[in-house]
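Pasting the structures here.
You will see two complexes here that share subunit A, one where it goes with subunit B and one where it goes with subunit C.
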Partner chain A sequence: MVKNRYLARTILTIIAACFALAFLMPTALTITNSFMTQSEISANYGQVFKNASGSEGKTYIAETVNLKFIPDKVTFSQYITTLIKSPDYLLKFWNSVILVAPIVLLQLAVASLTAYGFTRWRGKVRSFLFFFYVILMLMPYQVTLVPNYLVSDWLGLLDTRWAIIFPGMFAPFSVFLLTKSMRRIPSSLIEAAKLDGSSEWQVFTDICLPQCRSALYSVAILVFIDYWNMVEQPIILLKDAAQQPLSVYLSTINANEVGLAFAIATIYMVPCLLLFLHGEDYLVEGIAHQGSVKG
Partner chain B sequence: MKDLLCSIGFLGPSVTGVALFFIAPFLVVVYYSVIRSPLNPEFVGLDNFIAVLKNSSFQTAAKNTAMFSVIAVPLAVVLSLALALLLECRIPCKSLFRTFFLSPMMVPVASVVLIWQVVFHYRGTLNVMLAHFGVDPVDWLNSPYCLLVIVALFLWKNLGYNMILFMAALNNIPKELLEVADVEGASAAHKFFNIKLRYLSPTVLFVAILSIINSFKVFREIFLLTGNYPYTGLYMMQHFMNNVFEQPDYQKMASAAVLLAAVMVALIALLFKAEDIFGKDVEG
Partner chain C sequence: MDVQEKSKKRELIKTIAIIFLVIMLLLTFFSQTIMNHSLPEVATQVVQSGTINAKIRGSGTVAANESYEVVMEQTREVRSVCVKAGDTVEEGTLLFVMGDMESQEMKDAQNALQEAELAYQKQILTFSKTYAENDLKVKNLRLDLEKAIHDRDTNKVSDTEISYAKGNLASAKTQQSQLELLLGELKAAQESSEEYTEAKSKVDELNNKIKELETAADGYREQLGELNTTGEVNHDKAISTAQTALDTAQSALSAAQAELNAAQTTLNTDYIAYRDTYNSLIAAVRGVYPDASESDRTQLKSYIEAFLAQTPEDTPGLTDWQNAYKVLKKDEETIATKQAAVSEKQADVRAKQTALQEARADASNADGTADSKRQNIQNKLDKAQADLSAAQSQLRDAQARLDAASSANSQLKEQIKVYESSKREQDAAVTELDEKLKELEKKQEVYKAAVETVDSKQRELEEALSGKDISQQMDNLDLESQRLKIEQQRELVAKYQADTTETEIKSKVAGVVKSINVTAGKDTKPGEAMAVIDVVDRGFTIKVSVTNEQAKQVKIGDAADVSNYYWGNDIQATLEAITADPEGGGQKRLLVFRITGDIEAGTNISLSIGQRSANYDTIIPKSALREDTNGNFVLVVTSKSTPLGNRYTATRADVQVLAQDDNNAAVSGLAANDYVITTSSKPLDAGTQVRMVENPS
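Moving on, here comes the complex of A and B:
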């Protein structure tokens, strides 16, 4: 019996480890490969990226690809090129930042006000409104991009960042999450503050926001990652290549720069990984509080 | 009265924004979907919808997107529940495993796409590995297998998030109930199907809805892997929309959006209904 239990535990641990390996590998490989020299990258992956490669015949290209974890020679040259020599990529990175940062900040600001409104006052109209937000939240981009496109067209915002920032600012996702967590605040806290003569605004800033700190953080992370990853909106609303974020630009990188691509890809995920390592517990808590769509 | 003013103050900015950027234009979208053209606003009934439904690209896109969801959504629900249950068992380093399982959700698609290209290329890693077992190489991204590849990428990215939802729900099951079951000698399978699954049903619904929405986002992976013109099996709804925006054909655009919205609403209503029936006796 005891032996059996040990066996089961070992098997479960091995299964978990296999999953963990599968989940980690692609990320880890991207990072380690960013320290390879261009010639090593070409030799290993030349087959995959060769269609645009101009230097054929000069470099050695393996018959089949050779996915390697540890570089033969560790080099920072790819990073030096991307960060110092060719500011092109940094510019795209900056494009991502100035698109995503306003969206995260503005969406959180608007959503926390709205969530407070939905928490403090409930009535038929408001609960219908909340339900409507949920439905809107569940609509795929293929639906919402059409109205977004029309408004941007009317307001002359097409091909400017605002065509993405404005709809992002009012996206209902964080309203939903923040309302869920604000409704967890004991109403006695709010009642007590009201009795002490606090205004609604003071209750909002002094009680609700501090109480929801971890929720705000986790929503910020979720919104950030969603927009940091965006592809659909820029290719439709922001066609100007010079303004496009790195997420779209990375896919257009050509074969001669595959070595660089790994370094850029790594740089691109650094903010996400840092946020994740710092905020994982908040994030988990925030996701867990979503519970269900109802109620 | 004061309450009303306050609530308008707090809700106002968002409601205005949503009305301006989503609702008002969507009403126009509905209007566009039933007229001949913006210049010739003659009511044509369902003609535009019929035209879109008959459009072969739309059919391909709808078929592929539906096919993808049908495969990916149940897998996403079952596997993430399995991972959550796995982390409930007595295994070492649980929190480390949780971190590892969750990490793909934080990795931008664009960053790992290079590795996917290397793995799934015709001369890529997967085929090299399979060759050791005597399996003939498969052109993963340019054959009917492509859908499976994308399903794998989808699961890779989304399982962790769903797992957290299930872990939270498992935690909320009343412990006494499981203890009583233990005392009465219920088997693990019995406990799972008759107690846990009942309490998990709202989460199953939530994860299913979330996965359906996320399955529309899988365009990102496909676009970054294969560009604007993928293998037909990977031609998704978003590809169709991109082409329509390219022209831009307002009637097609509008009727496709209205159709999709209707399908989504119907689907969500259906899932809500299913959850009502399945989980009604534990609702509290």
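Moving on, here comes the complex of A and C:
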């Protein structure tokens, strides 16, 4: 019995390791290839772009492609081009920052207040509204894209960053997550505070928010990653290429700039990675709590 | 602990994030500066309107209006080429030296002539037999003709054969004269072998002396014997012996005297013969050495020899002088030798006379004592024997010298013999060749006479046969045509012959050699130009290809400037004609300029011709005009506003050049306010981002 258990564990570990490797490979490939020369990259992936019908990059992983992890000659020329020679990529990086940072902050503010409302306000309307929020959350973004465009146009926000930031502020998923998190706060705690003379604002800032710190971190990280990697919204809502974020540039890569794309992707990864590492524990904790609540 | 570590980790990550963002900010701040530094800096100019006084430019190669081709109609060997391409030649300048061999064309022409003649004769002999057979005159004429033809054919001797025989004879004669010269030299060498003669005469002389001494010694011995037996000496014998010796010596003296006289006579004869030459020689020598005089012969001789040695070989009369001097010198030397011999013989005679007197004195003094007599005789005998042995040793030496000299002499003799025999052979050969030549010449005379006879007989026969009936007339026409053919062929042969004898090809025009198409040692090809000479007097032209539009802007008679020919500033180019350019496909025209002045064919020159001025809306500097395989274009600066400032990009604009002068070009395809790039700090491509120059002046 014990032997069998060990065998099963070993097999599962191997399978898990294989999956881990498979998921890690693109990231590792991106980082290592960013140190290759353009000619080496062209030699390795030229076939992809030759066969590709467009520039979507769908055929990145193809049998004919020579996937190489070790550069023939390590070079920083791609980074030098990206960071020093041309301000275009830096501009796009800051575009991304300018778009994502307000969205994350505003969404946290709006969502936490909404969630507090859903937690503290009792009645039939609340249930209906919460149900409506969940329905909205289940809808894919593409469904709401056209109404978003029309509303932006109507408000005169088209071709401005607000066309992306405004819709980003009001996200049902973060409301749902924070509501679930706040409902876990024992009502006795809030009542004790009330008895001690705390106002509703004090209860919200001094009791609810500290209690939901991990959930807030989780929401922030998820929202950041979501909007940091957005492609459709800027393409649709921002016509001016100078305002578009770096993610759009990465999606429209062409054959001559594959090397640059690797370098840009590596740099582009850094903020996400740092944010994740900083809030890693909260993220795990927050999502785990949701699970336990759900469970 | 765990909480502390986590907090530390978060702090670290936060720090890293801050550093990352700060770096990105800094890079962004400096990015525009860095990028601008790397961009090519360009200067621009706005498109303007104005007037252009355009010039049509073009270049071409100067060609002579007329070229003369040196053509050979025969295959001939080129011996040497005397000019090279680019040389200036005058009329009569030697161009080529050809071999004088008969060409294949000439041989062919001669064969063709022969065949034509044969055919003609055959026809004349055979045609219209039916009516001619009964005609006795015709028959006789035919017979005569046949005979003449036979004579002609049997005696046919061509000029070539004669000239060949003449050549053989001349070369044989040359050999003969060379042999004679050689033989003469050898004989002279033999004669001048004085050593041999001297040695021989010495040997003879010594032999005689030995004989005499032996006779004398025998006489003395006899006298001694007689004295021992009888106590008396027979002086008669000694006297008679001495007398005989004296007689012999005297006869030898008279013989030497005779030889001397003969030599003297020879000298006189030679002197008379060479007197004039000798006098002129002496006069010439005095011209060089004024102190030369006849009285001092040795000095005169040395002067003459020095004079002859220093006189150049091509001086007229030098050979005569040399011969005269040689002969007279030799005569004088012979006389000197003979004189020496005579004086020797005279001394000998005197010695013999003394000996006779002594013998007679001996006889008269016979009353001396027997002892003293014996002693006297013995002394004489001893002396005679000593003289004998001395003479014998001298004879041995002389004999050795004679042997050495004679061996050298015998080689010479052998050589002379060999040369004499070959000279005899050569003489025979010359005689034979001479006879052969005479025979050939005689034969040729016969041949020529026969040819004439054939001609005359033919004419007579033609006359006799002519005018009978239609078939006869037709035959006559045939004959006539054949005769014409023969005449033509003869002319051709004569022409070839005249060409063949001409070995020097000279230029018939004055000009510049454009090309030489043959090399020395190779054969010419009939009809092909051996050399092409540009005739200078006829002037030069140059053709420049322009567009139809450009051609409309000029008129015939316009003067063009020569722009790249610096070393001759007196070149004038005048537009002479405008013709269609066969290579332009209807889009181009050729401007034909007449060039005058100091220029050579083959020179590449650039011309510019003024075009009438015109107004244009879009004029750009020529420095902005670029060209590639797709045609002319300019790079226009387009600007774009970005959050980081204005970005300037070089954009390609295809243009068509309407007209241009030295600085500006009028183009179509640009807007009036476009900025065109004139200069750039780096090579530019369309689409390149550029930086405007900081302080445009």
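In the analysis below, the second predicted complex is superposed on the first by the 266 of 295 C-alpha atoms of A that agree within 3 Å, B and C clash if a C-alpha of one lies under 4 Å from a C-alpha of the other, contacts with A are read in each partner's own complex, and residues count from 1 in each chain.
Just so we're on the same page, a residue touches a chain if its C-beta (ideal position, glycine included) is under 8 Å from a C-beta of that chain, and two chains touch if they have at least 3 such contacts.
For clarity, every value in this text was computed on a predicted model and none was experimentally measured.
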**Study point:** Combined model on subunit A: subunit C and subunit B, fit or clash
**Key:** fit
Check your understanding: Which holds for A:V110: it touches subunit B only (first), subunit C only (second), both, or neither?
Key -> first
Check your understanding: By residue count, is subunit A touched more by subunit B or by subunit C?
Key -> B
Review point. For A:V143, is the partner it touches subunit B (first), subunit C (second), both, or none of the two (neither)?
Key: first
Check your understanding: In the superposed arrangement, does A:L246 touch subunit B (first), subunit C (second), both or neither?
Key -> first
Review point. With subunit A's C-alpha centre as vertex, what's the angle to subunit B and subunit C, nearest 10 degrees?
Key: 110
Exercise for review: Answer with first, second, both or neither: which of subunit B and subunit C does A:V284 touch in the superposed model?
Suggested key: first
Practice item. Have a look at where A:A22 lands relative to subunit B and subunit C in the superposition and call it first, second, both or neither. Key: first
Check your understanding: Where does A:S86 make contact in the superposed view: on subunit B (first), on subunit C (second), on both, or on neither?
Key -> second
Practice item. Using the touch definition from the top, say if A:F76 reaches subunit B (first), subunit C (second), both or neither. Key: neither
Review point. Which value, in Å, gives the least CA distance between subunit B and subunit C in the superposed three-chain arrangement?
Key: 16
Review point. What is the shared patch of subunit A, the residues that subunit B and subunit C both contact?
Key: 275
Check your understanding: Contact residues on subunit A for subunit C in the complex?
Key -> 83-87, 90-91, 93-94, 242, 270-271, 274-275, 277-278, 281
Point to revise | In the complex, subunit C residues that touch subunit A | key: 6, 9-10, 13-14, 16-17, 20, 24, 27-28, 31-32, 34-35, 38, 642-644
Review point. Can you list the subunit B residues touching subunit A in their complex?
Key: 3, 6-7, 9-11, 13-15, 17-18, 20-26, 28-29, 83, 86-87, 89-92, 96-119, 121, 123-125, 127-128, 156, 159-161, 164-165, 167-169, 202-203, 205-206, 209, 213, 216-217, 219-220, 223-224, 227, 237-238, 241-242, 245, 248, 253-254, 256-257, 260-261, 264-265, 268, 272
Study note, to complete from the structure: Residue positions on subunit A within touch of subunit B in the complex are 9, 12-13, 15-16, 19-20, 22-27, 29-30, 33, 45, 47-49, 63-65, 67, 110-111, 113-114, 116-118, 120-121, 126, 129, 133, 135-136, 138-151, 166-167, 169-170, 172, 175, 200, 204, 225, 228-229, 231-232, 235-236, 246-248, 250-251, 258, 261-262, 265-266, 268-269, 272-273, 275-276, 280, 283-284, 287-294
